[in-house]
Amino acid sequence: MAKTELKTKAENKTQMVKIYIMGSMYEVPSSLTIMKAIEYAGFKLTRGSGCRAGFCGACATVYRKEGDFRIYTALACQTQVEEGMYLAQMPFVPANKAKYDMETLDPIVGTMLQYYPEVARCLSCNACSRVCPQEIQVMDYVQYSLQGQFDKAAAVSFDCVQCGLCAIRCPAEIPQYHVAMLARRLHGKHNMKAPETLEKRVKEIEDGEYEEGFKELMSLPKDKLRHKYYHERDFIDQKKA
Amino acid sequence: MIRGYPENMRKSIENVNKTRAKRLTETKADLTEAERKEVLNNYHPDYNPKFKRDLAWGPNKGDNIPNEVADVIEAYPVVNPDDIDLSKIDYDVGVLIIGAGGAGTSAALWALKKGVPADKILIATKLRLGDCNTVMAQGGIQAADRPEDSPLIHYLDVIGGGHFDNKPKLAKALVNDAPKIIKWHKELGMMYDQNPDGSFVENAGGGTSRNRMHCSKDYTGMEIFRVLKDEVINKEIPVVEFSPAVELLTDETGRIVGTILYNIETKQYFVVKAKVTIMTTGGFGRLHVAGFPTTNHYGATADGIVMAYRAGAKLRNLESTQFHPTGAAFPEQMLGLLITEKVRSLGGQVLGYDGEQICYPLEPRDVEASSLIKCCASTDNYVETPTGMRGVWLDSPLIEELKGKGSVEKNLSAMYRMMQRFDIDISKDPILVYPTLHYQNGGILHDENCYSSLKGLLAAGEISGGVHGKNRLMGNSLLEVNVFGRRAGITAAKEYKKKGVKSGKLSLDHVKKSVESLDALKMKEIRHSPMILPEYRSEAVRDRLVKLYEDSC
Amino acid sequence: MKNSYFPGCNLKTDAKGFEQSAIAVSKALDAELVEMPEWNCCGTVQTMTADNLMRRIAPVRVLSRASKHVKELEGSQNSVTTLCSMCNSTLKIVNAEVKENPNDLEKINFQLENDDLVYEGDVQVKHFLEILRDDVGYENIAKKVTNPLEGMKIASYYGCMLLHPDKAKIDDEEMPTVMESIVLSLGAEVVDWPYFKQCCGSYHIVDRDDIVNSQVAKIIRNAKKTGANALIVACPLCAYNLDNQQLELEKQGVEKDPIPIFYFTQLMAIAMGLPQKVNHFEDNHINPKPLLTELGLIEEKK
């Protein structure tokens, strides 16, 4: 198919919508994500664009729609534009992260209150959960952290991309996403101990148990290695025809 | 639109639903060596001469590498050496780390652990601490820690997957350090998925003969990175953000002695003098090799390769690019984004329009990707989207049958959420996929202690070449950034403590010399590099889609 | 019978023995406490400011979640049960006030609607003591006693929260009988003492422990003087103050021979012969085991 033909096809299909970027109106194709629409409008992003796939939290966006009093939030790279969006990027959120030495911390509620005493100020208003673009029940994990139930706090907060919108909305001024980080690390370190097999393998490696095997494998000529790879490997965990 | 898919795609989904029961017990044979060769040669972009050319200058002159990569290497510097005052040093540090992804942060933490004071370390990064491919890695990290597995089996998988072109010592370091890395991560408090009996959840990966993929749902890279980041902040290691390095500095002996940073917000240059420099700037996905969309983060533009090459560093395996078999092909908004290999680890199969399996779903990535391209390019058994994009089905609902109801949302929550935003429920409907540019297999040549061919310069992570040969296996990149990041940190600490290492006068003479070499090429097109950030403004947004279709199908 | 149970924060940390013994006792008496699937802090003292509706969101959210839970919970009555007397007081007061002021409730409901919650003022708040008195009955408790607490002389400590103010009280503020009746049905001796609702010092423990110490000294001296060899409480904060500060007073040389502090549910668990681990006595500051062993109520492992 020729390029011109394709372009026509794409353009014929292009519906345009009006959006407002920091108050200024732009017309953009309706099929774009917010991030691509901002670029389409002519902005070269330095802030507010990181992984472009919904994992890094750089592109937190706050918006309102015409005729609707509510505030909406989104990750710009994961959300399609809509007619009449008033967009503001939130590429940075000021929120203090406590500094701590993991080696010295106990997985108890006192640790949480020592580093983030503000969790006790939670009003349970749930504004945090409502702005979370990952739809995490933020307030619930703050409450779990306050109750010292770090297993639950870790599980509920796990999908957090640390965009920080919760911390901006919080009337109690809690930096929720940092609280979650501490809760997860306490849980991951103390309540999810590695199995003994790991320690055993590390010791075997340190004792040089595999050195002979490596020496042999590494000195094999390529054809022998090829044969080993294609004909001698067994797949004990997987079904294969 | 019916639950996220247009009617004509729904027709094909009916085929998928019909064959599912039969496919529950159906296993497809993996390809023989000859079959692999056939599909790679005919359909993998690496093997297509039209996407490549011989590099025209420098230490790797004559290497046949992707055009887009050659474009940034055969390009004039953005910095005019005469514009920079090198007598005014802004940062004088022991260990300079360029790049704040998984490798950079691991290197910083291990340099600190091995005795370099925090204030003698500097991490410089183009965007934020953590705008990197590490946070985007979903499926897992390999480590042979089960009794029925061993580093030797892991080694053979790695070498064979890389078409026996890996540097053996690097492959050994990778697999042998793996359990140590998991142990370190657990000490830091990372949450790897565990079974009720306390053992790790370990899945299969493409080309692995044992299940050794450790994971944290499908947020593995994010979990690893956010803990490393938390630790870097706890330890008060200085980080300069929004300040990419634009050139390295050399002294009269050719030793690397620092860098020039460019603050992309204030447009100022800063001179950094360093005893040791670690290059951890990652890969080249945003160059869109062969016109493909990419899974990579915004800043993956091969800057480190360009700078190091200008300073004389040798490269390796840069001819080899990894196309991930399963990038999203629909909806248009998600085009090219990663659909983790874990979908196939958990049992997901790859299907054509007719709902039948195309190939064994866990071939090494290059073989799998080529098989899918073959299906879309040379058969009519593909699915077309409303914008003309072609793709094949990845049967995620099968996982619900294999692993129980709710297992998709539980184990693939990132994927589930991403598609849910576009009204697609991947526990009920399959995902349309097409290969996408994922990883730079080659890069700066280094040894197992991360020494590059240049004095004073270490390299670790995706920027390096030789670990994976011509093809990387799933779960070995998260492993690589940690293994070699750690090793680079340890080596840097050793170098930092060495007495009597003299660094001469800071200079950009090597940049001037590179300009002379480039002049001699008499290039028709004058380009500048490093690219720093790709250009996506205006029409470029839409054109990419068209170009992809043209070039790859 | 099942009861929707709101734990409150302390029951998951410092007062595990209270929660777990209460749950075990509730099951044995067929009045099972079933934890609400999602709950948040009751709001505690913050809610005392009557003109600040923002502060009422937390308790109203608990009540609305409870109202959801009781509808889902088979065999449940239309009430939410608490163990901590502070939570009980907060939830009861707010419940009464929003029922009296529908306008306030409407404004608070605006804040909950996005979470698919609404509170219609339809749930009752009960302390577990009320469940035991009104729904289970003292005789039924007595029937389950296999290990009568002979030799225990118990001073029942109510503190401020269970008897005041009117909106929150669970018993007569001058002559409460619920704890004493339970003590009797467990086969222990009741001590009649005037300090049953003397304030323990409460939150002053955070910055003015001298105030707490002087209160605790008064309460404990009075209990001992009237012949008590143990105190029972129904509030984690009272428990902490009375328990830990006795040791503090001992350290300071002000008071000696501390007497153990029990949650009333712990004594019930012992009298009913339930497994000892539910009591978490390792969390008590004054070890209660010597007394219990001496009286032959538990067997101490050698």
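Annotations
Lettered A, B and C in written order, each chain numbered from 1.
The rule is simple: a contact is a pair of C-beta atoms (placed from the backbone, for glycine too) under 8 Å apart; a residue touches a chain by one contact, two chains touch by 3 or more.
Everything numeric here is computed off the predicted structure, so don't read it as measured data.
Chains A-B form the pair with the most C-beta pairs in contact. When you average the Cα atoms of each chain and compare centres, the chain farthest from subunit A turns out to be C. With centres taken as mean C-alpha coordinates, the chain found closest to the middle of all protein C-alpha atoms is A. The distance from the centre of subunit A to the centre of subunit B, with each centre set as the mean of the Cα atoms, comes to 17 Å.
With centres set at the average Cα position, the gap from subunit B to subunit C is 57 Å. Subunit C has its Cα centroid 41 Å from the Cα centroid of subunit A.
Those residues of subunit B lying in contact with subunit A across their complex are 27-30, 32-33, 127-128, 130-133, 135-136, 144-148, 150-153, 155-157, 159-160, 164, 168-169, 172, 176, 179-180, 182-183, 186-192, 194, 198-200, 204, 209-211, 216-217, 219, 221-223, 226-227, 230-231, 233-234, 236, 242, 264-265, 295, 297-298, 332-333, 337-338, 360, 362, 386-388, 413-414, 417-418, 421-422, 533, 535-538, 540-542, 545-546, 549-550.
Contact residues of subunit A toward subunit B in the complex are 1, 3, 6-7, 9-10, 13-14, 29, 31-33, 36, 39-40, 42-47, 49-56, 58, 78-80, 97, 99-102, 134-135, 154, 158-159, 161-162, 181, 184-190, 192-195, 197-199, 201-202, 205, 210, 213-214, 217-218, 222, 225-226, 228-230, 233-241.
Contacts from subunit A toward subunit C in the complex involve residues 108-109, 122-126, 129-130, 137, 139-140, 143, 146-149, 171.
Residue ranges of subunit C in contact with subunit A, taken from their complex: 7, 9, 12-13, 38-41, 43, 46, 54-55, 57-58, 61-62, 111-112, 114-115.
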